[in-house]
Amino acid sequence: MSLELRKRLFAELDSQVLIDPHTHINPHAPAAATLADILGYHYFTELAHSAGMPKAQIEQPGLEPRAKVARLMTNLAPLENTIQYSWFVEIAQRLYGFEDERVTADNWPPLFDAARQRASQPDWADQVLRESRLEAVFLTNDFDDPLEGWDTKVYIPCLRTDDLVFHLADPKVRERLANATGRSTGDIGSLRAAIGMLFDHFVAHGARACAISLPPDFEPTRITEGRATTAWSHVCARGADADAADTRAVAHFVFWTLTEYCVEYHLPFDLMIGVNRAVYEQGVFQGQDLYDSRVSLIQYRELFNTFPQVTFPVSVLASVTNQELTSYAWIFPNVVTSGHWWYSNTPAYIEHDLAARLEAIPSTKQIGYYSDMYKLEFGVPKFAMYKRVLAKVLAERFVLDRGWSEQRAIQLGMTVLRENVERVFAVREA
Amino acid sequence: MSLELRKRLFAELDSQVLIDPHTHINPHAPAAATLADILGYHYFTELAHSAGMPKAQIEQPGLEPRAKVARLMTNLAPLENTIQYSWFVEIAQRLYGFEDERVTADNWPPLFDAARQRASQPDWADQVLRESRLEAVFLTNDFDDPLEGWDTKVYIPCLRTDDLVFHLADPKVRERLANATGRSTGDIGSLRAAIGMLFDHFVAHGARACAISLPPDFEPTRITEGRATTAWSHVCARGADADAADTRAVAHFVFWTLTEYCVEYHLPFDLMIGVNRAVYEQGVFQGQDLYDSRVSLIQYRELFNTFPQVTFPVSVLASVTNQELTSYAWIFPNVVTSGHWWYSNTPAYIEHDLAARLEAIPSTKQIGYYSDMYKLEFGVPKFAMYKRVLAKVLAERFVLDRGWSEQRAIQLGMTVLRENVERVFAVREA
Amino acid sequence: MSLELRKRLFAELDSQVLIDPHTHINPHAPAAATLADILGYHYFTELAHSAGMPKAQIEQPGLEPRAKVARLMTNLAPLENTIQYSWFVEIAQRLYGFEDERVTADNWPPLFDAARQRASQPDWADQVLRESRLEAVFLTNDFDDPLEGWDTKVYIPCLRTDDLVFHLADPKVRERLANATGRSTGDIGSLRAAIGMLFDHFVAHGARACAISLPPDFEPTRITEGRATTAWSHVCARGADADAADTRAVAHFVFWTLTEYCVEYHLPFDLMIGVNRAVYEQGVFQGQDLYDSRVSLIQYRELFNTFPQVTFPVSVLASVTNQELTSYAWIFPNVVTSGHWWYSNTPAYIEHDLAARLEAIPSTKQIGYYSDMYKLEFGVPKFAMYKRVLAKVLAERFVLDRGWSEQRAIQLGMTVLRENVERVFAVREA
């Protein structure tokens, strides 16, 4: 009975066209060219590596797509239980006509061929978007991205700022900034102006958000102009050898400056809180990051208080931080919950975290989901996974536990799936 | 099947008369006079504010009740998903004869009138208590409350001690203490004696508990008489300008002294652990507090070891602390779990936390629930919410998973709902 | 329907013979001689004490088994809700022919007699193993255990190293080490050599793992030979009066050395992370330990990176650390999840933690369960509890939510229950 109810709710939720508010799609090559682009996603390479395949085999330079898939197929069996593997099978089934339950040594070659054949169709990316029920996806653009050569109504730019906040000590990053803005950044005033030019550029090209990922120990604070001036001169002079205190002061200055520009340019600032980079130094590409779950949103107290005009869609990496996120979104008008990020993007954690949000935060302040995908094909299984859990929570906790009508539950689902994305990021106005 | 079982268990649990061991009821005006007293509860004002209503509109001075309700009604739609909103509707339905599913721009005026009419009945508070199946509620009394003018068997006094522990640097608080006790508190001995007089006064008026809320970084410890003497003289001399170390030493001294009096007066000491006050400085009244979930009961190790004679009913603000609470109550004879506090008082967290407690802590050491309410009307939906979750956990995890009889499950429910409150707080002896 | 499905899965899982990869069984007396050995387990004594029975009554010296049981029976009623109590009843029912639902003042004497009668049978331990569907159990051996006098294929040695890492400042421990190895340990080189001799001895006697429990603040790191030399000389000279920094340096040196030997001897190193010893100083025997859940696996970053050749089966004490464990096992090839330890070994936490693991970690990297038992009888109810939860998670989250066949779900269950234990600990090769 509950299963049937869940299916009905899922069918309704699944029939609606959505916008994906955070991806890493390359708009010049949004879809996978071969199955190697699917299995090359770090979720598979890191799990295959974790299950025993040497990194050197996975990342051997110059490997042809077919050979790469053949190799990964030899160590996928230990992953068949994972939800990540289910994404692979769901892509195969819904996009490539695959009909089996598992991809094996026997049936992968025809799957590989089918995928290559379909992916070669000129409108393949659009077909995938249609199958995903996505009409637009947000990108993650480097600050010096020219933002040209694609339809920014479908592939919506987003200013990613990790490099600006954390890597300006690297002369190459400063050079990129100088090249992108055509001006030097030798003093704090010109640095601030250069950042403003990035906002000009991005907003002119339809950007709808500023975004950053942050380590667990980051605690944004306003620093004085004098301190920023000194720190910046030290960082420019010494680069990677600068004192950690100076590098941190520059990070704080740039972060605060970005937020000030978010006020001026009316952009939400996506905060993705909690990742430690390169914890597993010998891991595969993009499979090295982990975290310390001892993080608190109290670290963002000054930020949230200082910028009531900026909407902060907040993602947290660890499920144990979800209650704080729920409570802060319940209290702070400018804090919005955003999706289920990375290590929390699995059904058990989504279910737990989503249930807590849906019952305590105004419905208008919850961005239900984003895919975080690198290739469009993953929009299909990732959104489907989320919508299944959403249907489960709505069925069990609203229709059954609280006596809601199905229609009312579906409406709540649509608010967090679609309406909030449009309103928070002002997509229709863009 | 499971739903029917849950309903049967709920019906049995709901038929019993209970005592609410923690509220903020004003015994001189226990019930709501109008719907504005209901919607004025911080759970609604803070959520309406969080959803976009300016604080100045919500808290405009001199607003008439009807006008206030009319205004709040304009921004309740975003809250309709929340469990807090369901409390409002359940109050309207069960206490004011409301028959719809949502309160809207159209149907609120007759609801307002019905509420005012019923609330004007002279025995309205008693009617509400009956509908809540509550026969008595604990209060939260300032230390200088005269405790007179009401039936202390129904509205049971409780000595709230936050001001004594954390605000004695404020001359106004010291003055209140002097006025309440009729003696100066210029040295540490007289401060201790004054606190003792408060216990005399409270116990003489039927108080059954001492209580305090504590920030996440509080770590009670015994300090020497010499250190306390110095710190107290500095705090008295400098007030708010005293060193933080002195203020903290005084807090530790007073907290320890309160606990010593709990031994002498045989009072349980309710510890509500984990709140940071005024995190959102521009929030509405009572809608500014949040927390840092990085707290551990190891901070209370010395306290629990030093005072085996004192029962500590402990509430934790964050669900991530619930397992520690469960484990400490499992091991320490003097630690008792107490209710589901504030940001953890929503069904998903109650269910998770309650399941863990019921299966690992002796049944006699669990205070099931308190309402924390400011107006009696909230006893109806809050206790009902808890009893629904309790029925769910008993049905699924005891009757179905463990094969218990329904009768046995109901008995366990009654132990945590009622019997423990009576025994832990010695209510019948009072 | 779901209940029937769970029962079918449980029946299949329960029909298989397993190996228990962590217990505290004494191989010279593996089974309980009387019911006092069952009720003397700290899970019962600490709960009886927590529920109000004085420690002096529980631990009165010289108490006869029958008198001890009679005494404990007087305060078991408050525990009847706990899962721990259900272990007692399940032992009584499945091993001693008990037919009631609760053990009471009336029915315990015949139960006592039945238990004594059965336990007196010469093959009782083997009968218990058969009823548990266990063919072998790992032990927890002191480093100076002679490891002789039992069948090490059934009672598999495991080198427990807490004393070596944390208690070498105690001259008695150093003396035990000298006696076990026949050599002095006056300098760091001879200390390292002595530890190597322990590995020789243990591996020669069939040991399949090295193991340790660690406090929440432990952060393993490599220290220099020079620092180790100095610290060791200070610790040897001053014992318990040595500086904490020296004691800690020795702990780090020994821990690192143990891990190096795990490389050399191809032993997995079981890490049981998070316990604070003797928090409740007046608690009953083995009922004094608690924890601080503010621990992170980031503390083990250097260790996991430095020793890719060592498999670390990791247990965490608090459920809030489970997501980190899940993520670290997902990324690090040498990190394996291990069981559900102590305060997390109750159904609600197992269910939550297990669901997260099964859906995100390669199936081959999960040690499903160990009993941690002191007497073989507890293998029956503890494994049954785990298998019931495992069947529930497989039924609800794999068969129902993900459309898996029952056979496929059972196969996943068997991988984590049995196959991984064999492979990770190389049991068949031993």
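So that you can tell them apart, the chains are marked A, B and C in the order they are listed, and the count of residues begins at 1 in each.
As a convention for this text, a residue touches a chain if its C-beta (ideal position, glycine included) is under 8 Å from a C-beta of that chain, and two chains touch if they have at least 3 such contacts.
For clarity, every value in this text was computed on a predicted model and none was experimentally measured.
> Please tell me whether the contact surfaces of chain A and chain B are same or different in residue numbering, using the over-half criterion.
different
> What angle, rounded to the nearest 5°, describes the rotation that places the Cα atoms of chain A on chain C?
Resulting rotation angle: about 120 degrees.
> Please compute the C-alpha centroid of chain A, do the same for chain B, then give the distance between them in whole Å.
39
> Scan chain B for residues touching two or more other chains and write them down.
In chain B, the residues touching two or more other chains are 294, 320, 352.
> Help me check something: in the complex, which residues belonging to chain C touch chain B?
3, 46-47, 49-52, 78-84, 86, 276, 279-283, 287-288, 290-294, 318-320, 343-344, 346-349, 352, 388, 392
> In their complex, what parts of chain A are in touch with chain B?
294, 296-298, 301, 304-305, 308, 320-321, 323-324, 326-333, 352, 355-356, 358-365, 397-398, 400-402, 412
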